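Chain nomenclature is as follows: A, B, C and D, assigned in order of appearance, with residue numbering initiated at 1 for each chain independently.
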Amino acid sequence: MDIQNLLDDIVGAVQPHVGQGNVADYIPQLGAVDPHQFGISIATRDGDVYSSGDAHVPFSIQSISKVFALALVLAFDGDGIWKRVFREPSGNPFNSLIQLESEDGIPRNPFINAGAIVVSDRLLSVTGSAALAVRDLMRRETGNSTVAADHYVAASELRNSHRNASLAHFLASCGNLENPVEAVLESYVEQCALAMTCEDLALATRFLAANGVGADGTRLLSPAQTKRINAVMLTCGTYDAAGEFAYRVGLPGKSGVGGGIVAVVPNKCAISVWSPGLGRSGNSVAGVAALDEFTTRTGWSVF
Amino acid sequence: MDIQNLLDDIVGAVQPHVGQGNVADYIPQLGAVDPHQFGISIATRDGDVYSSGDAHVPFSIQSISKVFALALVLAFDGDGIWKRVFREPSGNPFNSLIQLESEDGIPRNPFINAGAIVVSDRLLSVTGSAALAVRDLMRRETGNSTVAADHYVAASELRNSHRNASLAHFLASCGNLENPVEAVLESYVEQCALAMTCEDLALATRFLAANGVGADGTRLLSPAQTKRINAVMLTCGTYDAAGEFAYRVGLPGKSGVGGGIVAVVPNKCAISVWSPGLGRSGNSVAGVAALDEFTTRTGWSVF
Amino acid sequence: MDIQNLLDDIVGAVQPHVGQGNVADYIPQLGAVDPHQFGISIATRDGDVYSSGDAHVPFSIQSISKVFALALVLAFDGDGIWKRVFREPSGNPFNSLIQLESEDGIPRNPFINAGAIVVSDRLLSVTGSAALAVRDLMRRETGNSTVAADHYVAASELRNSHRNASLAHFLASCGNLENPVEAVLESYVEQCALAMTCEDLALATRFLAANGVGADGTRLLSPAQTKRINAVMLTCGTYDAAGEFAYRVGLPGKSGVGGGIVAVVPNKCAISVWSPGLGRSGNSVAGVAALDEFTTRTGWSVF
Amino acid sequence: MDIQNLLDDIVGAVQPHVGQGNVADYIPQLGAVDPHQFGISIATRDGDVYSSGDAHVPFSIQSISKVFALALVLAFDGDGIWKRVFREPSGNPFNSLIQLESEDGIPRNPFINAGAIVVSDRLLSVTGSAALAVRDLMRRETGNSTVAADHYVAASELRNSHRNASLAHFLASCGNLENPVEAVLESYVEQCALAMTCEDLALATRFLAANGVGADGTRLLSPAQTKRINAVMLTCGTYDAAGEFAYRVGLPGKSGVGGGIVAVVPNKCAISVWSPGLGRSGNSVAGVAALDEFTTRTGWSVF
């Protein structure tokens, strides 16, 4: 298969979707992004990288960071986190308090905001800084030492974080936070504010397509842990549209409101797409269309 | 009717219930209160006061303060508050987030915590200090210039206020707070931390049995506003047991986790009872029994 | 007070509201009613009756029948029914399954549909026919032997009763029905299909303003049972607007989708109003306005 | 790989789990099954079959039938069904009404009861009998013309179907049933009452591991439709434990309260396990353990 041709074809095929949907605008930094951009990159298990479109434009990875925070907690701290967060799909919006209350402060999974806050809290306890730990993982896997958080985004996010503060205080009221609410929230928004390109993200995600082995050949996660992250991504990675994503794309994937999505073809490659326009469920419209196109053309769905 | 005899009889009749239930223990100051206490006071519309039992022991009025904060907002600011809080019973625990989320940040009524926080927020905007405004109303109506907040209770409450902070941040995320979350929470816990006796509370509540006219003969509320507060007390004043309270007692009433309850016999008198042991719904066991006894003996139910 | 003048005045005052709202149209018989009608009647404790407007036009009493079915179960069977139905406001629409499921098949109160179905089920067990028992009570209290169910309404209702069938089967699945689902539903819709005039309804409701004593001077309910029905009406009688109704009208009341409302001034009189146009909560727009006018003019609110 | 050895090993390895959990006992026919049984079968894409343990004992397939009803509706009727049922995980028990009500009668997915009732309703419209259509598919794929419903189970199920009747009437009230409630329920319980062995079920499921091609080489479903059923199984196939199942087993699977589970290794084989003891989520304890063992030993997880 000529992957470069494939990516170029996909860039052409998704053009009608680029610009569709709405750019996230709850903070000005996200709202100002030009929606008419689309990028795609693939990092193969063997170490090759292919890119097309706007694959070298940095964007805010937002919720995609949740995958890496979870990987680090599993790597540094083992399976204890599963006592503080479930692994089930939620059937509710990503920032809902309803299920959290009816289940006594144990979030449904690590990819809804409440669950990701618990994971960041643990990462903060274990490493001293969730945001720096995630950033350093990104730098190591990409070989790009300029990967960094956009502090304007983080500061703006923090000023607009009442909903996350509500979740965090609720978790604290249930005894499910180890650190002060303010420290956890700061660490969490900083981690979400990392700015990366499609190519960066494909490289950073590659270890999930490589049984847990990182770019330098050392093992980050056991094969079992790797599979488990992929399983959680497939069932819970795309907000309240995980079933639809599994149905259309058929790959483990994680999206962010910045318009990025990473997906994993186990044992083959990691894919990253980006286009800022979001559909009703908060996933990039052109991004999902591109991944649909990808699995249709390659047959590389897990099903 | 010989009211003094009646109160003395009630003190005797409820003895089997005194000490039943559980004292609130989420902060140490409440948990340390001796449960074997019971007091009752009546302040008539005409200005007489009767007391029996431990009616001169100060206790933490807690949620009872919500009635007075609401009265002040209506007095100073008119009916605008009803755009920010509904008047319907909630069918859910007093500190629940579920209904709040499903109704987009408009609390069901001013006596669940979320609604009371909105009322305190408005009172803060209008007066500069919700807690001092409520305290001054209490002093004026009782003629007791020593009524004050217990600052140990308030400080302890503030350290244990994650659940209220969660509610307040949620309200803020929906645009339903005017002041910073921290300022509102401080004002709110201070108002709840007022320490008062049964006799104080009966006197302070008397204007609700007097068509809105205060102790010095000046009008605090219009007759219509007064009736409306009584209506909200009857349908929403005793947590998730308002139906049961209406059924057993048949009077507008408001309870607090300190074990106090105030009730109103329209055009006749205000009653205050106190006993620290709480039943499952958070209302004083002996207090409800005493009010039940009171309406059974006097026939002064509104029904 | 000249009650006849008062009623005539109210008929004039509410004219701007007559025709407002929407006539219930889930069955054709209700949908065909002319919305430009309004009637009001008062039956005093002493036996006098006053009427104005369209007070002699029969209409479908629908949910108003729930009050009388409850009265009969309490009269014939005592307090056992309260093990099968709660007395708390619901905070949810009248035909909701949500709270029923989360509370294991015990309806929140006897005036939401699920609770009324449980009451009719018990009345069916005790009397052999809930519908005939309610009808006979109506005939006895009104002295009008022509009171009867509209069988076209009942048949039409039964054909459109999937939502009630859903509730009834749910109750059965929780072990909270004694009779077959079909028999209970038939009895229930028949009871709701009674056609009565405002004057009939005011007379039939009078015993709730007379401490439980019926038209012929015999006792139907104890004073305590009577007060309790009034308490349930005030907290739960007007669908999800009970708080609003208590606030505006300040009387125990029960509404139906036929546009009727009955209300009780304890120890004074029963009032009945009717106008087919319903507001968003399912209560007659002009009917609520008329009762608001009535309590404002007379001061006969319970608060 | 020596599959026969593998299956024999798994039978030995899971013995500690056989008999664990609780046998479904809501109908006597299920409650009477001996829990100390375990069977496993594999049908490869190439046509080979391997079995071990109690793989030739018929059991009640129950909810496993939902996969085949869905396959037939897609085969006969195309994608129209997705207008009447979503494809998202539910986050609620399999027979919950709550989400159904809050989403206006569109079930979350075709594998919760409400969704399966909608699918059976459509299959009834298209074929004249959902139960016979599923039975005939089973006979054709297994080559076993004795596959049939256990009519005692079906009759008993129908007598105990108040919860499903509640769901069906609710769907009807929302306009989401085409046939009379009674006809749909009969068809649905009949389809669930099919009695089959592990070996039968592995053979019947094989087309989902063969891109949609049936036992006789004719195409039942398109490759895309096949993948989509597998995706729905992975995200929604094991009641409220789909995330856990994806995490532990990592294969599309569908369980039933009879203790059976089918799973699919895309392009390789179908697996069927059976042991009557159910865990808290309603999935066979020994069955899930056996599939976990299977994917651990073979590495044939999709992740």
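By our rule, a contact is a pair of C-beta atoms (placed from the backbone, for glycine too) under 8 Å apart; a residue touches a chain by one contact, two chains touch by 3 or more.
All of these numbers come straight from a predicted model, not from anything done at the bench.
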Distance-maximising chain from subunit C - centres being C-alpha averages: A
Inter-chain centre distance, subunit A versus subunit C - centres from mean C-alpha coordinates, in Å: 55
Distance from subunit D to subunit A - Cα centre to Cα centre, in angstrom: 32
Set of subunit C residues in contact with two or more other chains: none
Listing of all chain pairs that touch each other, if any do: A-B, A-D, B-C, C-D
Residue ranges of subunit D touching subunit C (in the complex, touch as defined): 96-98, 100-102, 162-163, 165-170, 172-173, 181
Subunit D - residues contacting subunit A, complex: 86-92, 99, 108-109, 224, 226-228, 230-232, 234-236, 240-244, 246-247, 250, 252, 266, 301-303
